[in-house]
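The same chain A turns up in both complexes below, where it pairs with chain B and then with chain C.
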Partner chain A sequence: MWIRFKRDRTGVISAYVVAFFFLVGLLAPVIANLYGKNPYTVYADERPELFDSAGVPVQPNGGISGEFWFGLEPGNGYDVFTKLLYGIRTSLMISVAVTLATVLTGILLGVTAGYLGGRADYWISRVIDFLLAFPAQLFFIASMPVVVSLFVSPRDETPVYVRVVALILVQWFLGWMSLGRILRGTTLALREREFIDAAKVSGAPPGRIIRKEILPNVVTPILVQGTYMLPNFVTAEAGLSFLGVGIVEPTPDWGQMFAKASTELVMQNDITYMFFPGISMIVFIVAFNLLGDSVRDAFDPKTAR
Partner chain B sequence: MLRFLLRRSLGAVVILFLLSIVAFLLFFGMPRDPALLMCGKTCTPANLENLHHVLGLDKPIPEQYWIFLTNLVMGSDDFAQGPCPAPCFGYSYHSNEQVWGTLMDRLPATVSLTLGGAVFFLVIGLGTGLIAAWKRGTIVDKTFTAGAMVISSMQIYFLGPLALAILVYQTHVFDKPAYNEFTENPGAWFSGLIIPWVVLSTIFASQYTRMARSSMIEQLQEEHVRTARAKGMSRRYVFLRYAWRGSLIPIVTIFGIDLGSLLGGAIITEYTFGLPGLGRLAVESVFFSDLPLLLGVMLFSATMILLCNIVVDAAYAFIDPRVRLA
Partner chain C sequence: MGRSGRHTRAVISVLAAGVLVLTGCSSGGSKSGGNDKEQQENAERQKALIKFGDAAASKGPAAEVPGAKPGGTISVPARDSYAHLDPAQIYVFNEMGVALLLHRGLTGYKATSNDGKEHEVVGDLATDSGTTTDGGRTWKYTLKDGIKFQDGSAITSADIRHSVERLFAPFINQGPPYLQQWLADTPGSDYRKLLPDGPFKGKHLPDSVLETPDAKTVVFKFKKPHPDLPYALAMTGYAVVSQKGDTKEKYDKAPVVSGPYKIESFRSGKSMVLVKNTNWDPATDPIRHQYVDRFTITFNQQYEDSTKALVADSGTDRTAVSWQNSVDAGNLSKVLGDPKMKPRTVIGYQPFVGQININLSHKPMQDKKVREAIAYALPVSPFVRAYGGSAAMEVAGGIISPTVSGYDPSFDPWGKKKNPAGDPAKAKKLLEEAGKVGTKLTFGYVNSQEGQAYSTAMAAGLEKAGFDVQRQEIPAETYFDQVSKLNNNYDIFHTSWAADWPSASTVIPPLYDGRVIAEGAQNYSQVDDPRINSEIDRISRIADPAKAAAEWQKLAEYIVKDVVNIVPTAYYKQVQIAGSKVGGVVYDDVIGGVDPRRLYVK
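For the complex of A and B:
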């Protein structure tokens, strides 16, 4: 499996690209420190000579210079380079958390449904059907304020971690069903195999059978689905922040940079700014999707592309 | 067929009913007071009390839900704003207009965006997918596949503003996208929607390219296709009549899902281009905490999704004679 994956050149390269993004996210504070800036400094106040009266950087290409590698953000004048680093960090952190939560839920409910069968299976399957009928994006934007209001009263300032938790919660709630359904099917098939019967006959309790016999056999669909799910969560989270219900300024976030990029100020005066979040996200998503394909091919060489 | 439609519709009604309960609990059952938000900063306890009473928020939740349901089915004359015929979702907190009326006002923009976009992305997506499958392994195929891969990784919230910035704000080739009634001015309707259509369909088409290609290639390996070729039918005939038909099935499924979710409000597209559709209505109602409106959009959107699913399943029977609807 590992050997098969290593032979797939596209897969290895995209794995490096994906790893690079995670590393950047992880090391954002270190890189920013070496670079000597942080994403919270309002350069429009600190260095007003760099901006014109509308808040657009004076220098061409969005104020790109040796000092500000990716330029300055129109409006408040944040440093784009560090903002992007921290934005990637926020988005990836949230998406990884959502992926972990959905995978755990998917395993728990999917394997339970498949292994126990009968009534448990029936009800879990109905819940999956029901949740799949939800208008997901609409549900996300509608429930974000509600979930936030569970933690803080509407009159108070919402702390950042509450928004992060709320984002994770709503995406998790409607994110686990596809994996759950797949795991149910796989477990259902596994249950009929001889080695499970053998384990049962030898007196193993159900918990042990699930842990020692079933789980090792469903690692493949989990990994494959996981690599498909994570980029989706990244774009969904960015979409929410773009609409203004996710992470809001001044906390840096990938999606919120897109929101900034779609303001009239930027579209009119500073097209360069758009490309930093845009291109970086395309590279990340393409690499992750290619990685997903390679992982699937490595685990399951029979399916042709 | 009739029995199938009946059974599926009943199932959809059950799901909608459950969804309405969940949504209602989510919006009205949470420890968040919509009246407090409406009341504003200069709120006295007496005002608040009065608002609660007017909005019916002083009643217990199950009773509120029951009132909501009966209003929905039978209509109601109890609203302070005036009568509200069935299907009555009540009156918006923010604009004081009937929710159902607002939904119907916003529907044409969403339908225009969806159907126009769907024509574009089906033609482009399926076309390029077929060509890629026909020329499998050549440079054409590789270009299309790689292009589709990259484009499908783009997001509307990147491509949309980029198109706006280049075409509208920098070069002034187009006017800002806007929605005009088709019946009043078809030309303005078309030119106002062309950028949203193109952006929406670029991203969707790339997914259909990939799907059509892989589905076609899969079909071409089927035995009946090989038999037809062996019998001496031309490659083109087999390709278009045999494999094409079989490859439609997975595409129809995805198309149904896409169409349903777009009709229920293409949220990000409408928000990006400022089109007055259902998706934008949803975002607005979230910002104003306009719960009746939000509940209305949500149920309407879910109805669209379920409806499209049923239509898709029924359409199978026409495409694939092996499918029995039972």
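For the complex of A and C:
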């Protein structure tokens, strides 16, 4: 299987690209430190000579220079390079957390439903059906402010971690069902197989059967689903921040950079800005989806795509 | 002046990702800024006192606009529909704009130059701007001959009396309160006790307050001198209402007008069409013109939309001009940088001055050193930037606007003009002296795009000085309700205020008089300083406007520099553009926008 994956050139390249993004996200503070800037400095006030009074960088292409590699953000003049690094970091962090949470929930409920069957299966499946019927995007938009306000004290600013936790919570809440359903089906099929019967006859407790016999056999769908879900969560998180209900300024975030790029100020004066979050996100999503395909092919070479 | 007109600048971000086609590069920011000098001169001229004109100056018709010719239709994109058309209910910006064409009052501002910068208060319905013989206690007005409502009936002193008396009726609750308070000689809303039902139940104001001895004469009698009366009467809120045609609440939708245009149709939230009022006699009116046949006003036009349409300049947009919509912040650099747009662009001041209020009801804010540290540290450049740069906002030194008598351009106690990004080092020193490093500041900001942008950068500046800034967003719709609560959570927050006429007497008393602190009132910083209070009383009694202006400026300097309950941020400006076929486009400093009375079709 590993050999099959290595033979797939696209898959390997995608894997490198994806790994690069994760590395960038992980090392953002280190890179920013070496580069000597951070995404919170208001350069429009620190270095007013680089901006006109409306906060548009005076140099063309958003003030790209040897000093500011990706230019400066119109408005408050944040450094685009570090902002992008930290933005990737925030977005990937949230998405990885959501993926882990949904995968765990999916395994827990899906395998339970499939293995136990009967009433447990019935109720878990109804819950899955019920949650699947929710319009996810609308639910996110409507519930984000509510979830955030649950945590906030009246005299303090909404701390960033509250928004992060809220983002993870709402996406987790409506994210685990598809995986749960798949695992339920797989487990249901596995349950009837001879080796499980054999294990039962030999007196293995259910916990052991699930851990030792079932879980190793559902790793494939978990991995495949996981690699499909993560880029989806990245775009969903970006979408929420784009709509203004996710991460807000000044905390850097990928999606929020798109929101900034679509404002009239940036659109009219510095279209170059759009390319940095735009291209990086396209590359990441495409690479991750190709990786997902390759992983699936490697695990399961017989099915056609 | 009403606040709602300016503050609901809800910016709708356009999801126009499709625009990202093949425009690979973008040029840099505009290098403009050369017209700063010119702006300063505008202000200089404005601050020269607006005089009260005599009978000769009040004679119609108004001087011709050079090159003007009659006929044609002008379309007017507007953002907000008109909630009120009854003059007594009009107190917000956009409604005052249309009222210039519809309603006439006893006095009005006459532009004495063709650039909208020099003005004089003259008699509009009255033969002059008013005569007083006892320093402003008694004011006498005589009505002109030939003045009529749109239905052809003559305007008499009975209509003026009716217009004044109905201000006391309960359903009139949106307009300015000055004249009523002066007549009743009480502050606040107690004036309504003078005539609780207005004139509608047969009761009238006694001759000791308002006298109309014959059909042409009106005499106002106050207990205290009110030398500002001609200014006050020029407000739309005191324009004439027809006694015969008064339909009370319904008048708000269909008023009987006296100006050069009347309403042909009005669909609230959609459109309004104005046509010529044939019963308006230009010979009686020193202020207005009637060149255009029709104005078609379309509502719900956001700033981005109207800017793009006017820049594109095609079809009916060539004869379009917006009275209130300014160029939106995002397009501002581009419009100002385009030489083709120059002849179609006008720039001027609005009467608003922005300020960061420091909430004195909170214990930590009562330490003057802390307030001074805030004043030094606070960057005002983010505010200017958020609204589109120096063409939309000018860094303020004090609280007296350049459009108000007594403005002193050199007054700048916190060095904001030279260094708008603030002086965190000095602030830090003050905080250390006071032992208050790490003071928590709860910063309430309006959750608009602009509010978001300037509050983050302001917070960054304050944090550099050693404050612990906690930003709290407040929804735009309830912003003023929240910050004008006596018991609110915010240590600092931004508000703006405009003078009702070019005198600080409509700025300082409502904002800084400690005796008017009340739930929902405008003393946002809740300052109650005995010297401010006593000075307000003293200066209000000065009859000479020039002397009063100088004294107000002195008091304003004391407030900004010694009390430090507020930090001035910016004088509001605005850039407006018109279609290429519209003539007579002039930015009028008194109106604070394009003067609709001078427009014609080329």
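To be clear about the criterion, the second predicted complex is superposed on the first by the 300 of 305 C-alpha atoms of A that agree within 3 Å, B and C clash if a C-alpha of one lies under 4 Å from a C-alpha of the other, contacts with A are read in each partner's own complex, and residues count from 1 in each chain.
In this text, contacts are C-beta pairs under 8 Å (C-beta built on N, C-alpha and C of every residue); 3 or more make two chains touch, one makes a residue touch a chain.
Being a predicted model, the structure only gives us computed values, none of them experimental.
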Touching partner for A:Ile271 - first (chain B), second (chain C), both, neither: both
Which of chain B and chain C A:Ala189 touches, first, second, both or neither: neither
Which of chain B and chain C A:Ala54 touches, first, second, both or neither: second
Touched partner set for A:Met1, first chain B, second chain C, both or neither: neither
Partner chain in contact with A:Asp45 - chain B first, chain C second, else both or neither: second
Partner chain(s) touched by A:Gly62 [first = chain B, second = chain C, both, neither]: second
First, second, both or neither for A:Ala19, with chain B first and chain C second: neither
Partner chain in contact with A:Gly75 - chain B first, chain C second, else both or neither: second
Contacts of A:Ser262 with chain B and chain C, given as first, second, both or neither: both
Shared chain A contacts, counted only where both chain B and chain C touch the same residue: 154, 258-259, 262, 264, 266-268, 271, 274, 278
Complex contact set, residues of chain C against chain A: 11, 13-17, 19-20, 23-33, 304, 328-334, 379, 381-382, 384-386, 388-392, 420-422, 440, 442, 449, 452-453, 456-457, 460-461, 469-472, 489
Touching residues on chain A, where the partner in the complex is chain C: 40-42, 44-46, 48, 51-63, 74-76, 154-157, 248-250, 258-259, 262-274, 278
Residue numbers on chain B that touch chain A, as the complex places them: 15, 18-19, 23, 26-27, 30-32, 36-37, 149-150, 153-155, 157-158, 160-162, 164-166, 168-170, 214, 217, 261, 264-265, 267-268, 271-272, 279, 282-283, 286-287, 289, 294, 297-298, 301-302, 305-306
List of chain A residues in touch with chain B within their complex: 129-130, 133-139, 141-146, 149-150, 154, 231, 235, 238-239, 242-245, 255, 258-259, 261-262, 264, 266-268, 271, 274, 277-278, 281-282, 285-286, 289-290, 304-305
